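Dropping the structures in below, format is structure tokens.
After this come two complexes, each holding subunit A, first together with subunit B and then together with subunit C.
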Partner chain A sequence: MTDTIFMVFAVMSIASAIAVVTWRNPVHCVLALIASFAGVAGLFYLLSAPFIAVMQIIIYAGAIIVLFLFVIMLLNLKKNEMGGDAPVQDRLFTVFLCVITVIILSIPVVATFTGTFYDQYKKTFPKPDANLGITETIGQEIFSAHALAFELISILIIAALIGAIYLAKKRQRG
Partner chain B sequence: MFNPTNCLILSILLFAIGAYGVIAKRNILIMLMSVEIMLNAANLAFLTFARLYNDPTAHVFVLMNMAVAAAEVAVGLALLICVFRHKKSVDSTKLNLLKW
Partner chain C sequence: MNGFDFASIMAISPEIALLLTAIAVITADICIGKAGRKCCTAGAACKPEETASSTEISSIVMPFICMTGIAISWYFMYNLWNLHAVNGAKYFSNAIVVDKFGLIAGFVVTVAAFLTALSSTGYAKRMKIDFGEYYGLIMLASAGMMFLIKGNNLIMLFLGIELTSLSVYALTAISKHREESTEAAMKYFILGAFSSAILLFGMAFMYGATGSIEFGQMNAVPTNRFLYFIGIGMMLLGLAFKIGAVPFHMWAPDAYQAAPSAISSFMAVGVKTASFAALLRLLFTSLIHTSHMWYQVPWMLAVLTVLLGNLTAISQTNIKRMLAYSSIAHTGYILIGVTACMGVGYSTGLTAPMSSILFYLAVYALMNIGAFAITMHLGREDKDFDEISGYAGLAHKKPLLALAMAIFMFSLAGIPPMGGFMAKFYIFRSAIQNGYIWLAIIGIIGSIISVYYYLRIVVLMYMKPAQTEEQFESDQSQWGLHFTLFATAAGLLILGLLPGDFVQYAIVAVKELL
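This part shows the complex of A and B:
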């Protein structure tokens, strides 16, 4: 049962990610991106991280997608302003590079998990802790061990907010 | 099927697809979307290891990662609007001011 759900979400996220990088119309790409994020959120839920899965839906599929759509509507791009793709030989070379990346990154993963050290995890994950991934655990973790990181991230968001407003506002001509 | 190897390979595939989008597309909007796919792939790898070792630290890291992604998109799209005002295009090949 879990295997089937994993397969569905995996195919969904991969297929819509491919759609994002192949389709031309930015609005279609954004819609495919929602499907990709939803698939990954389902995988997060399977990996016993329900809080993160919901956050993924709220932040990515909510805030970020709306931001993208808003900018697309604001710019109202015409065909010749879009940019399109690189030439075919460049794209083929990029595919080649990405395949090599996949192979290089897969070698240590496969080598590690087919070795003897991880023998018991070859087929499946270990049984999760009952309180792994629930909100209480994450909250305690954030506000005790990672309080400094939490404060720093708020400074980063303030900086991004001010920077975005400064960059996007119209300059006064004086 | 649902084992650590497959989850990590799925995350690698998503990362490679995102990397392809960043390199091969000329539309800055779609390049930003591809960056989001890559960040998502990293989150997936984090949560796989969190599940494997029963460690909630990775969950905190993923939340931080999401905040960084949101900030990155906000600044990136502001820059995109800025670029569009000057160039009347979102084509990354038109941004050649610093090119010799």
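This part shows the complex of A and C:
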């Protein structure tokens, strides 16, 4: 049963990720990106990390994608403004780079879960506590062990806000 | 110690002082600048003299708030330095470590911020960037650098880098009315965000391979070499971007040229010092036991960076761009020091190269800020004085300024008796002692190449006639810049002639790190 659900989510996230880079209409691409994020959220849930799954939906599929849509709609590009086809060698090079990246990133994943490494891995890292990924545990960790990091993130957001507001608003002096 | 008790708060008191200063300076801008802006937006009711006086006040008050805040943070750092019980202690569930290594690096960073604020007194107004946000972002960036230096786990490392970078992206674009500024900031932002993502990805792999994010705890021999290997690779890539090592240096020339000179020097000095301190802490507390996996990376980066930085700097006609490539080359010299840390005498010979890196960073801060301050001093309206050919004949019109520039150029080239010579001497000596003679030779070849483009400016200043009569006239009062130039030039001579004291402090500091 879990395997079936895993396959559904995995195929969903990969297929829609491919759609994001191949479809021509940017709005369709963004909608496909939502589907991809939803699939990833499902995968997180299967890995008993419900908190990250919900965050994936709220932050990525909710906030960031809506922002993408706004930007695309505000730009309001005509068909001929979207840029033509890239030269064939450029596209081939892109595909080549993608394949290389996938291979490099797959090696550790495959190596982790097959052969002798997997046995060693299971010994070193026993199966995590089932409560590890739930919101309660994460909340307690954030506000005790990582309290300083939590505060620092709020400062980081202030810095980003100050910079963004400064750059966006019109102001002259003197 | 986990909670927010008194000792923990004291451990981050310098950073808290800087953050409160950031808030204070932005508030001050709102309070003081209000009168001036209101009567300007009202248009008809505008009294020119009132506007002038109010902006005059705010352009003096804001840098002073910054300098006061930094002085307070120095006081806290001095307290921490003297508290022997504190040194090497960890706070906030081991997220922060207070040691003398971090305090010295933090001192260099805050000196850079102090000199930036000091030299901005008249400069920011002339460049039309004397807003509270300008000073506030400088303070936020320096607080980020301090957290980056003190961070003892991967989360703090990442947050420190991000706080620093976000502030610096915005500072690069601070001259909103100049298109090239915005363009360079955009490039820097996109590349920087990409490298941060790669760094974060690497951290995730590291956590997967070692099961810990804490610096001291990651040194168990990894069971999964593939994860570990890719994790290290991605983290080094992200950090190499931040220090501006070749081949991840493409952002630097554009960003340094387009940003106002005060920001260019702050960017070059502060970001480099903080990133190198974090890199050293990461490499030599957590990753050194697996150095057989990555020992090729620092020397390859060092060779590429020294040679490419110096060779590209030769052909520049813009002094800020030239200083950007020179800053890349100096990253290369420091990377030679990093490589020397992994030489044959690892257990015994690590103090010398690491203290020489700290010394180099301090000297580099002074000479780089000084050289950029000259371009600020001679600039007019909202431009920096950045054409190299424009420096012809400077010595006949402004002998003192030319003398200061000559000191900075000699120091950057590494000619005795300036600080730059001693810095390079210590780095190359430690490389030779730890068995990297050929690397030291490459560094010396790089220095010899660099003599050409540094001394070209000295030759232009002293041996060529001025192009026009009124070329070097600067109309506004620039006492802040005068003081900056004096302090940096004097500091370089002192560090060049009497380097012993600082080196002693650096050795004490490094011994504590290890």
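By definition in this document, the second predicted complex is superposed on the first by the 148 of 174 C-alpha atoms of A that agree within 3 Å, B and C clash if a C-alpha of one lies under 4 Å from a C-alpha of the other, contacts with A are read in each partner's own complex, and residues count from 1 in each chain.
Here, a residue touches a chain if its C-beta (ideal position, glycine included) is under 8 Å from a C-beta of that chain, and two chains touch if they have at least 3 such contacts.
Note that the structure is a prediction, hence the values are computed from the model and not measured.
K.L.:
Between subunit B (first) and subunit C (second), which, if any, makes contact with A:Leu167: first, second, both or neither?
P.N.:
The answer is both, since A:Leu167 touches subunit B and subunit C.
K.L.:
Contacts for A:Ile107 in the overlay, against subunit B (first) and subunit C (second): which applies, first, second, both or neither?
P.N.:
The answer is second: A:Ile107 touches subunit C but not subunit B.
K.L.:
Touch check for A:Asp129: first (subunit B), second (subunit C), both, or neither?
P.N.:
first
K.L.:
Could you say whether A:Ile155 touches subunit B, subunit C, both of them, or neither, answering first, second, both or neither?
P.N.:
second
K.L.:
Given the touch rule stated above, what does A:Ser144 touch, subunit B (first), subunit C (second), both, or neither?
P.N.:
second
K.L.:
Between subunit B (first) and subunit C (second), which, if any, makes contact with A:Ala15: first, second, both or neither?
P.N.:
Neither partner.
K.L.:
I want to verify the contact counts: of subunit B and subunit C, which reaches more residues of subunit A?
P.N.:
Here the partner covering more residues of subunit A is B.
K.L.:
For A:Leu46, is the partner it touches subunit B (first), subunit C (second), both, or none of the two (neither)?
P.N.:
first
K.L.:
Going by the contact definition given at the top, which residues of subunit A touch subunit B in one complex and subunit C in the other?
P.N.:
Of subunit A, residues 105, 121, 123-125, 145-146, 149, 153, 156, 159-160, 163-165, 167 contact subunit B in one complex and subunit C in the other.
K.L.:
Would you mind writing out the residues of subunit B in touch with subunit A in their complex?
P.N.:
1-10, 12-21, 23-30, 32-34, 36-37, 40, 43-44, 47-48, 50-52, 54, 56-57, 59-60, 62-64, 66-75, 77-82, 84, 88-94
K.L.:
In their complex, what parts of subunit A are in touch with subunit C?
P.N.:
104-105, 107-108, 111-112, 117, 120-121, 123-125, 144-149, 152-153, 155-156, 158-160, 162-167, 171-174
K.L.:
Using the touch rule from the top, collect the residues of subunit A that touch subunit B in their complex.
P.N.:
2-3, 6-7, 10, 13-14, 17-18, 20-21, 26, 29-30, 33, 36-37, 40, 43-44, 46-49, 51-52, 55-56, 59-60, 63-64, 67-68, 71-72, 74-75, 77, 80-86, 90-91, 94-95, 97-99, 101-102, 105-106, 109-110, 113-114, 118, 121-126, 128-129, 132-133, 137-138, 141-142, 145-146, 149, 153, 156-157, 159-161, 163-165, 167-168
K.L.:
Mind listing the subunit C positions that touch subunit A in their complex?
P.N.:
2-4, 12, 19, 26, 33, 36-37, 40, 51-52, 55, 92-93, 95-96, 125, 128, 130-131, 133, 136-137, 140-141, 143-144, 147, 155-156, 159-160, 162-163, 166-167, 169-171, 173-174, 176, 205, 208, 211, 223-224, 226-227, 229-230
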